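Labels run A, B and C following the written order; every chain starts at residue 1.
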Amino acid sequence: MPGRIRAISWSQILSPVAASNTTQSPLRQSRLPRSCLSANLTPADPAQPGERLSSNSPPKADLFVTCIIDQLYPQVGVSVVRVLRRLGVDLSFQEDQTCCGQPLYNAGYSKKARTLARRVLDTFEDSEYVVVPSGSCAAMMRVFYLDLFRDDPAMLKQAELLSSKVYEFSQFLTSVLGAEDTGSTYSGTATYHPSCHLLREMKVRDEPQSLLRSVSGLELTDLPGAETCCGFGGAFSIKFPHISEGMLADKVENVVSTGADTLVSCDMGCLMQIGGGLSRQDSEIKVRHLAQVLDQDHSSNS
Amino acid sequence: MDRPLGVPKAEFLDSVRRALDRKPAAPDPAYPRLLDDVSALQVEAKRIRARLIETRPALLDRFAEVAEAGGWNVHRTSDPENAMAHIQSVADSLGVKNAVRSDQEVFAQILVDAPLESTGISVTTVSHSPDRSRESLRSSIIAADIGLTGADYAVAETGSVIIMPRKGLSRLVSVVPPVHLALVRPEDLVESLDDLFLLRRLEYHDKGGEMGSYLNFITGPSRTADIEQTLVVGVHGPKEVHLVLLG
Amino acid sequence: MADIKTKDFSKASAVSILDPQLRRALRQVGTGFDAARRAAIDEVSPKLWDEWREEARRIKIHSLDHLDYYLDLLEQNVTKAGGHVHFAKDAAQANDIMAELVRTRNIKIATKSKSMVSEELSLNPALEAQGVDVYETDLGEYIIQLAEETPFHLVAPALHKTKEQVAQLFTDKLGIPYNDDINALAAAARLALREKFLQADLGISGANFLVAETGTLVIITNEGNGRLSTSAPRIHVGITGMEKVIPSLQDLAVFLRLLPRSATGQRITSYVSMITGPRRADDEDGPEEFHLIIVDNGRSKMLADPDLREALYCIRCGACLNICPVYQKVGGHAYGWVYPGPIGAIVTPSLVGLKEAQDLPQASSLCGACREVCPVNINIPRMLLHLRQKSAESPDPSERSAGLVPNLLAEGYTRVMRSPALLSASHKLGRWQQNVWAAMPFFPFSKKGGMIRKASLPLLSRWTRMRDLPELPKETFRDIWKKDLKEGP
C-alpha cells in the first residue's frame, strides 16, 4: 500500500508553472466588449495551469465555501479544507462571506445580485486565489460577474481581477496545484455527474474524473446521459417542479443503471436534487462531493 | 401594378437604422467578400481551376464516394458507349416509356436519343421553340418516367450536382419525373462549396450582374423523416437518382 | 399574428409532460436528430466545426450590424433581376401585401413550402380570407395543416404525431383507405399534393438566407416541395424575416455546411435552391413574377437591444430544441406560439411581448446545452437571464412582470445575505422550525442519513413532493471553522 502514496513535492506541484509562466497573465485581460457583440465573455483560460509567479512559497488561497455548503453540508466544507491543507495550501476563510448572488442573478434581480457581488469583490480583493467547491458559484464569480458589471467600468475592473483568481475546487487541484494524484483512498464504485456550469461555463470536463481515477480502491463507471442537466437549476426546481422532476427522474434512472454505490459531483445543488430523488426511492446510493471522496488519505485511513 | 406595397423602402431602412443607431453608410472597412475587384477574383479562379485539373483523379474518387453516400446510384466510366449502355439498362430495368432530357452540351458527347428510341422509348428534349410550346413540354415532363440532365457543376465536398436552369435546361425535368439521371463530366467538378461560390461570383460579375434565375443543388433522392423520424425517399421529388460520372 | 397562448405555459407543460406518446416522440429527438448531429460533427472534426461556427457568427454579426445597408443592396439586386421587394413593418401589413398580390393577380390556389415566418404571421387564414386555397406542402406542415395545429418543432413540425394518427388523419381528411405504413403515407401526400403543385397559380416559400450581393433567395429542403413551389406556379412570393440577409455569395458556403448538419446530421440536404428574380425571357419554365416580402414584425426592437440582437443570428436549425432537457420534457406546443425550445424562449417574448410570455425565459435550468450546440454560438442562457432581468427590474412597466412574492423573497434574501449575523440567525430559526415540525405528529416526517424523508411540509411541498430534503445541520461550516479549523489542522 505505501507505494500508492505519491508524495507531492513543491517542485512537482509547481513544475507546470515554470513552463507556462510566459503565457499572458490573466490579470491583464483586455476590457470585454458588451455582451452581445462577443461570442463569449472570455475569462482567463482555466486550462492554463499555474499562474503563480513565485515558485517556492506554498500557495495562499481563500476558501469561498458557498452558502449551500455552509448552511446545509458543512462536512463537505471540512473535507475541502482538509484536502487543500493536505496538499500544502495555505488556506484561509473570510468569516464575513455569505452568498455570491447567483440565486438573485438567475432570477433577474441583477441590482440585488450586485449588492452581494460587491461584498464578494471586497472580501477577496487581496486574495491570491479563491477556491470555490462549486462549479456553479465559481462560474458566477468567474464568468457572470463580468456580465453583471458590464455597464460599470470601475467595478468591471475589479470583477475581472477576481475572475482571474477564482478556481473551482477540482480545477484548482489540477490547474494550479498540478495534482494528478491526491493520494486518496475510497472503497467503492463511483459514477460522476458533471454539473452544467462546471462543464459549460468553467470548461472543466475531465479534471474531476481524472482525480477520481487516481483514488485508490475506487472504481469509476460511466454515467449514461452524464452531460444532461439534473433539473435542479436553483429556483427553477420549485418554479417548475413538474419539469424539474421529469429531468430528475431521467438522471436518477441513469445513476441507478450504473450499479455504482456512490454518485460524485462538484456541486451540492445538483447533489441535493439527485440525492433527494435517490433518497425518495429508498436508494442506498450515497451522494458525495468530490472533496469528500478525496478527503481520506492513506495515513488517516481507519 | 409593379409599385412596391407595404412601407416605402426608405422608411423601412430608416427604422432599421434607428434600431442600430447608425447613419446611412457603407460598412467601413468594406466587406472583403464584396470588393468589386474582378481581377482579384480572376486570379483566384485561375488558381482554383489549376488545382482542380491537378487533383482531378483524387477529386473524381472523392466525388463518387460522397455522392454515393448522399444517395446517388453512381456509375463511373470514361467510355461513352459504356455510359450509354448503362443509361439503357437503367431505362430498361425501370420499364421507361417516356423520357425527357435537357438540351445540354453533354448530350453531344453521349448520344442518348437514338439508342433509347430504338428500344421504343419516346425521348423529348425540353427546349421550347416556335413549334414546341412551353405548355406542351410541361405535359411531356409530367408524363415522363425519367428525366435526364447534365450538370453545370458538381461539388466533391457534398456530392452535389448543380444545375442552373435556362434555355434548354428546365427546372422541372430533374424534379417532376420519379427518376432523375444526371451526367457529370470531369470538368464539371469543383472541390468545395468555396470553389463553387467563388467561381459563381466571378461569372456573376463577368456577366454584368446576371445570376440567372435559378441554381439548384441536387444531392441524392427526395427524402423526408417527418413521420416518426423515419426516413422515406421520394416524397415530392424523385425517389431514385442515378449519376453517370464520365471519368 | 398567430394565436398567442404563451401565458398557459405552466399548465400546458404540466399536461404535455405526462403524455406518454409525446414522451416517446421526444425521447427519439435525442437518439435521432441529436445523435445524427454529433456524428456529423465528429466526421468533420470538432476543431474545424468550431472554426465554421466562428466564421458564421462573424458573418451574422457583420450582416446585422449593417442590416440597413445590406437590405438596401438586396432590394436593388432583386429589382435588377426583375423581382419586386415589399417591406412590411408588422404581421398585418405583410398579410395585406399578400392579400393585395393575390387579389390583383386573381390567385385561386397556392402551394407553400415550409416557412416559419408565415406561421408567425398567420398567413394562411389571411389568404383563405381572400378566397385562396393554400396547401402546405412540406409533409410535416401538411400533416399539421390537416390537423389544424401549430408546428411542434422547427425542423420536424409533426414530430409529435404517430404514424397511426397520421393515417387516421389522412383517412378523415383525404378520404383514402387507412394505411399506417409510413412509405404509403408519404406516397399519399405526394399524390394529393402533386396535383396542387401543377394547378397552383402561386407558390409561397420562406427563405433560409438572402444574398445581398446577387439578390438571391436561398431555400434548403429535402422533399422537393420547395423546388416545385418555386418553379411550377406562375408567381413565386418569398416571405421572410429581415434578419436573413448575408452579404456575399461566398458567405453561403459556411452556412450550407452548418445548417444541414445541425438540423438533421446531413452533410447537405437533398436540395438547395437559389432563386434570383423571375424566370428570364428564354427560360424553359419558372414563375413569371417574383416577389419578396421582407418582414420586421418586432425584429427591429430586438436589433435595437444589445442584449437580444444575438437572437437574430439564429438559422432555425432546431439543434437547441433537440438537446434541451426542458423541450424534451414538455415538447413544442407548451411554448404557446410559433417558435418553441430555447431559441423560442427568447424570440417569442421578444416578438409577442415579455409580459405576455414571461414564463418562457424562466422555464430553463440554464444548463447551457443549447449554447454548446448552436451553430452560430448564440449565448442563449445569457439572453434568458437578460430577459429575466427585464421581467424583474425593467423601468418599462410593459416589460416588468415579477410579482409581489418573488420581489419580497428577493428583498429578504438580499437582506439576510448582506449580513453574516442575520444568516446565522436564520439558520437557527430554520433549525427551530425543523424541530417543531419533527415534534408534530401530523407532518409525516422521518430522518435517515441526514435526510428528512418523505416529508410533506408547508411551503416546501414543491420540493418535497418528489424529493427528500437534507436535514439542516446543527452547526454551519462557519461555526465549525471557528471552532476546529481556523487554527490549522
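Keep this in mind: contacts are C-beta pairs under 8 Å (C-beta built on N, C-alpha and C of every residue); 3 or more make two chains touch, one makes a residue touch a chain.
Quantities reported herein were computed from a predicted structural model and do not represent experimental measurements.
Q: Going by average Cα coordinates, which chain is farthest removed from chain B?
A: Most remote chain from chain B, centroid-wise, comes out as A.
Q: Out of every possible chain pairing, which has the most C-beta contacts?
A: Chain pair with the maximum contact count: B-C.
Q: Whole-Å distance, chain B centre to chain C centre, using C-alpha means?
A: Centre separation, chain B to chain C: 32 Å.
Q: Express in whole angstrom the distance between the two chain centres, defined as the mean CA positions of chain A and chain B.
A: 54
Q: Touching at least two other chains at once: which residues of chain C meet that condition?
A: In chain C, no residue touches two or more other chains.
Q: For chain C, which residues count as touching chain A in their complex?
A: For chain C paired with chain A, touching residues are 10, 13-14, 17, 54, 57, 61, 306-310, 325-326, 329-330, 362-369, 371-372, 377, 379, 382, 385-393, 402, 406, 410-411, 413-414, 416-420, 423, 427, 448-449, 451, 453-454, 462-463, 465-470, 472-473, 475-482, 484-486, 488-489.
Q: Name, in rising order, each residue of chain A that touches chain C in their complex.
A: On the chain A side, the touching residues are 34-37, 39-40, 65, 67, 69-75, 77-78, 81-82, 85-86, 93, 95-99, 101, 103-112, 115-116, 119, 147, 196-197, 199-201, 227-229, 231-234, 236-248, 250, 272-273, 275-277, 279-280.
Q: State the interface residues of chain B toward chain C in the complex, per the touch definition above.
A: Those in contact with chain C are residues 1-2, 4-9, 11-22, 24-27, 31, 33-34, 66, 69-71, 126-128, 134, 137-138, 142, 158-160, 165-172, 175-176, 192-194, 196-198, 200-201, 204, 209-230, 232, 234-238.
Q: Can you list the chain C residues touching chain B in their complex?
A: Contact set of chain C toward chain B: 25, 28-29, 32-33, 62, 65-69, 71-72, 75, 77, 80-81, 84-89, 93-94, 96-97, 100-101, 104, 137-140, 143, 156-159, 161-163, 166, 182-183, 185-187, 189-190, 193-194, 197-198, 213-216, 222-225, 227-228, 230-232, 242, 247-253, 256-257, 264, 267-280, 282-286, 293-294, 296, 300-301, 303-304.
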